[in-house]
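Notes to accompany the following structure.
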Amino acid sequence: MAERRINNMEKIRTAVAQDLLSGRIDLLLGWEKGLYWWQSRPLFARNSEDLQRLTWDSFCVANLSGYLQEELKENKKIGILLKGCDSRALNRLVQDQMVDRERVVAYGLPCPGLLDPRLLKQEAGLELTALGIEEGEDRVTLTGTKGKSIAREELLLEKCRRCHHPDPVGCDQLLLPPVGSREDRSRFHQVTRLEEIPAEERFAYWSSQFERCLRCYACREACPCCSCRECFVEQEEPRWLGKAHENSENFIYHLTRAFHSAGRCVECGECQRVCPVELPLMELSSKIIKDINELYGEYQAGLDTEQDPPLLTYQPDDPAAFVE
Amino acid sequence: MSTALGKTGEVPVNGASPEKERWTPLIVAFCCNWCSYAGGDLAGTSRMDYPANVKVIRMPCSSRINPLFILRAFQRGADGVLVAGCHPGDCHYTSGNYYVRRNLSLFRRLLEFSGIEPERFQVSWISASEGDKFAGVMQSLTEEIKALGPNGKWRDSRWQSVE
Amino acid sequence: MIFSESYHRFIDELKKNTGQDPNQCYQCAKCSAGCPVVAAMDLLPHQVIRYLQLGLLGELEESRTPWICASCFTCAARCPRDLDLARLMEGVRLAVLRLREGNRLSPADLELTPEQLEKLPAQALVSSFRKYAK
Amino acid sequence: MPRIGVFICWCGTNIAGTVEIEQVVNAARSFPGVVYAGDYRYLCSEVGQKLIKDTIKKENLERVVVGTCSPRMHEVTFRKAVAEAGLNPYLLEVANLREHCSWVHKDPAEATPKAIALVRAAVSKASLDEPLTALMLDVEKRALVIGGGIAGIQAALDIADSGYTVDLVEKEPSIGGRMAQLEKTFPTLDCAACILTPKMVEVAQHPNINLLTYSEVEAVSGFVGQFDVRIRSRARSIDPSKCTGCGICYEKCPAKVPSEFDMELGKRKVIYVPFPQAVPNIPVIDRENCLYFKRGRCRICEKECPAEAIDFEQQDEIIERRYGVILVATGFDSMDLTGYGEYGYGQHPDVLSALQFERLFNASGPTAGQVVRLSNGRPPQRVVFIQCVGSRDIARGQNYCSKICCMFTSKQAILLKEKLPETEAYIFYIDLRTAGKGYEEFQRRAAEEYGVIYLRGSVGKVFPEGERLLVRGVDSLSGRPLEIEADLVVLAAASVPRRDAPELARLMSINSDRYNFFDEAHPKLRPVETHTAGIFIAGACQAPKDIPEAVAQAGAAAAKAVTLLSKEKLQSEACVAKVDPARCSGCLHCEAVCPYGAIAATETEERVRGELLTRTVAEVNPALCQGCGCCTMTCRSGSVTLQGYTDEQMLAEVDALCLQR
């Protein structure tokens, strides 16, 4: 397994090195190892030296497509490594004309799902620094715990567990063999659970969550569909929203941000991953996706760029979620 | 919950107190100029009676709505919000209300998901000839929201209204 | 009284059973024009629908037509109103049977030995219960 | 904060009877920015308006709020008054104290606080009002009429007679349209050619009409008063300045193809005029079928033409021109009946569509006016007509009634009886719809004088039996199945929109109904307008209709067109959307929902770290924008707002209404 990973790594590196060194791309967006083994962080590679640090492992969670808009201002052509969810984010950005697809070389990495360090820690009952892992095909062995072995599936990030399209779409080339689609996963069980509890409890739940919001806007910064030049929360004219730590304002911020992602969210989970207070933000956008699917037909943002986004089209006999 | 709910003391709490009987909800209605606002005018010329706590904001088309207007109304103390437009197919601008139907259907479900009673936010199609429907919608909306009581969940704790 | 309460009950039941609404018909009679067994019928197919529209159930009960209809679906394929008359005919047969025979068959009435039961096609049992039991 | 004046109207006792005016005025004085608050018994009267005007000057008012009846009633009046006092008319706000307050609430204790709240909201909004100016748009004094059938011809003539230049574009080589294919017209049995041809000639000779046949509209942009249209005038391969219309070329042409004009029953040459009375009387070469264009050899027409008018090298001409108005009259098609296998259409030569049958009567038609069976050339002894083929058929055809079939079937039966009095005519109908002047009488004549037999019912199957056709049907009134041995079967095919109607609708951004008929702006009150200002519709492209209706509608549409053309300038909507390019990220979601095509991408420049970059942003064309604000709903960053109803104003209104419980 480890050998295969190394082989994969070489395959990836060779493919992108060719393009970077030949000048087909000026910059490669990929990942490199972070401070710890359970962290992989974005890599901005411009030369072969940088490329030596390139990595592809079970912790390459950051969706790099969000960097494109800014980086394209300074680079003519950018290569980018994309997992399934990331590729849909790129497609959605292209559909919204935020990114000129001609100036991007998209390398797809079919994704077996990424590991959640929090779950590793929980399973091991140890601090992550005291822990190591060995990854097999379907299982992960925790070293430092007398060799406890757990099904890989059990250790996946929440967003990976509900992922339906692990294979990248619309890429210029796939660097690894496809892993196949996974249709059997329930994406909405958490949303359904929340839908079913009484309104009062639901309000209490969200209040207790939003109360903790620091309004740091990390969710927005990391989100590939938050592509506005000036977010509504920062505008003075009109002043949509105050800046105080006030629960109604936190509600408005999060509901509006989620609603602004309607028809755009690719479920990459970056909003939730970067939240310093661990707000369950994906549930808001998942709720909207679920409703879109129920009311106006299945829509997966970034999957088919020819399909009209659901809020930009209509059918004369659309259903309504209100008494007309 | 403390910040928002803690202020419910300002307005009458649930329960059958005489105070609650007296309490009338504040309802903001966004109406399109060509159908619903005109329907409101017709309710007027026909001298139909509906509760005075409904206050109308005129817009050219229901598609001028922005969910942030609705959220703002709740935050500033509205107990209910209505968006009203032409019937599907009758939009003065041909298609505005079709987009509204999709947008606000999703938005309404999101509001409900956040714990707001869905009765507090409603959308209705009222034509220029439906003065009776206009008055009826205002009446039933008021009654539904009266039954729910004041909207304590969403009020900005710093916002003070005047009597 | 043609359009009595029992008429509406009957029509509702018919709609439920057949998924067809006889009032959708505008009496172009194309069903009758194309029906291959029309010569043997006392009421023409379009007249059956007309009788349904008028609630003349007694007359339908007397008519041979529903029993002659072979469900060849020629009428259904050509109907400009997208009505499936073959289904309606089946609905009429069902109604007449229930009207005439009442709840005539119950599982307990079947004095069949297990061997006999074994030999009977399950479908025959199911359809006879469907027709003769409420 | 601008200086705001508030004027409360009593409207006699209409408002003052329920609302305590004095309380409202006093409250208004305390609102931010209000420097004057007063009231008057009838504000809309001359004196009331004068009060407003005088006070604007005396108090140096910068914004005006009136608390009166509905703005739908008198907003225009008060805007005018404000403008006369030198203020921009859009610096006025109306609080609806009558229809939305005093008339619907009985108790002054409820109505008065509500009136105060409504005035407060209007004041808040007014303080954010900006002066707006409607554009004054030039009107190009030239009309484009698309479609040269009877509706297009009539409209072109009417507009041209009013003194404006008209370009009449027709796809076919000749104008005339469907009417030219007809032998006679109901209910008068006028010869269609006799009444149509003079009009066609008038078009050709009219000094104000520029006839573009064999031409199609390819692109439309712009807006009312200034539509920019690209027209492709296809190469006829004939030099019209030389051609004398002598007809030798098509006499000599060796290649034949089915004639579209004769509904494929007869043949035409490959160099041809569609019919003898064609206008213009200049042939075209059908390049797809011409032997020279296909195989590089022939050129017989060129050799034979005494005028040397044949030009194989001729190119399509692209005409780009500006028009003030566009009138669409593209007509209808006869529905393709291949889905009705039970009638044997397309399988048996003696089963014809009504339009095909019509051609049999015509002296220049495929049988030179002989009504005969195409299978054996003998006159028919018995003809069966079947109505509602494809019409009123929700399963395989169109849901609607095609309206003209009852009448044209009766007409054809009469024509048949006149030509072959011994021949029997049977008509299967479901309902007879003969509403129209002289129509019922006409149908009765067919039955009573001509002995046409009407059978209420349908036909189940038509199939050959020996030399004849066996029609198996039913007469639903007697409840009798019928079998009729016929020699000819004529199907009244549904009228459907032209196949390219959706494409044309898209080109012009006009709406169509579910069948692709063009939609009028209002089914009752704006029957010839479309939702796009400056584009009008007439004739059967809007819905099936007969000749008198098409002509009447054409005249109406022409009158509307002339009304626009006669204006020196057109005033656009002032409350239009506006994009802030600095904020706009160029996702163009607004463009996708705009019903008027008023939003388009444009480039803007910005400096990023010393470098000048261009990027795409949305831009509103204020001449096209009708001010609905749908674009604003799609814009997350509020980069596009609606002037007169800006985001700030809407929020200010919400705040004001919520301030007071």
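In this document, chain identifiers A, B, C and D correspond to the written order of the chains, with residue numbering beginning at 1 in each.
Just so it is clear, contacts are C-beta pairs under 8 Å (C-beta built on N, C-alpha and C of every residue); 3 or more make two chains touch, one makes a residue touch a chain.
Every value quoted in this text rests on a predicted model; they were computed, and no experiment measured them.
Participant: Which chain pair shares more contacting C-beta pairs: A-D, or A-B?
Facilitator: Taking the two pairs in turn, the one with more contacts turns out to be A-B.
Participant: For chain A and chain D, what's the span in angstrom between their mean Cα positions?
Facilitator: Here the centre of chain D sits 48 Å away from the centre of chain A.
Participant: Approximately how many whole Å separate the CA-defined centres of chain A and chain C?
Facilitator: Measuring from centre to centre gives 58 Å for this pair.
Participant: Could you grab the centroid distance between chain B and chain D? Build each centroid from C-alpha atoms only and quote it in angstrom.
Facilitator: Result: the chain centres lie 38 Å from each other.
Participant: Would you give the residues of chain B that are in contact with at least 2 other chains, written as numbers and ranges?
Facilitator: 68, 72, 95, 99, 103, in rising order.
Participant: Can you list every residue of chain A that touches 2 or more other chains, as numbers and ranges?
Facilitator: In chain A, residues 232, 240, 311-312 touch at least two other chains, as defined above.
Participant: What's the complete list of touching chain pairs for this entry?
Facilitator: Contact pairs between chains: A-B, A-D, B-D, C-D.
Participant: Could you please specify the touching residues of chain B with respect to chain A in the complex?
Facilitator: 1-5, 67-68, 71-72, 74-75, 87-89, 95, 98-99, 101-117, 122-125, 153-158
Participant: If we count contacts the way the header does, which residues on chain C are in touch with chain D in the complex?
Facilitator: Counting only chain C, the residues touching chain D are 26-35, 38-39, 43-44, 46-47, 74, 78-82.
Participant: Hey, which residues of chain D end up touching chain A in the complex?
Facilitator: Spelled out, the residues of chain D in touch with chain A are 582-589, 592-593, 608-609, 613, 616, 634, 636-639, 646-648, 651.
Participant: Give the list of chain D residues in touch with chain B in this complex.
Facilitator: Contact set of chain D toward chain B: 70-73, 96, 98-101, 103-107, 110-111, 113-114, 117-118, 121, 511, 531, 575, 593, 595-596, 626-630, 632-634, 638, 642, 645, 647, 650-651, 653-655, 657-661.
Participant: If we count contacts the way the header does, which residues on chain A are in touch with chain B in the complex?
Facilitator: Counting only chain A, the residues touching chain B are 191, 194-195, 199-208, 211, 232, 240-242, 244, 246-249, 251-252, 255-256, 258-259, 262, 284, 287-288, 291-292, 295-296, 310-312, 314, 316, 318-324.
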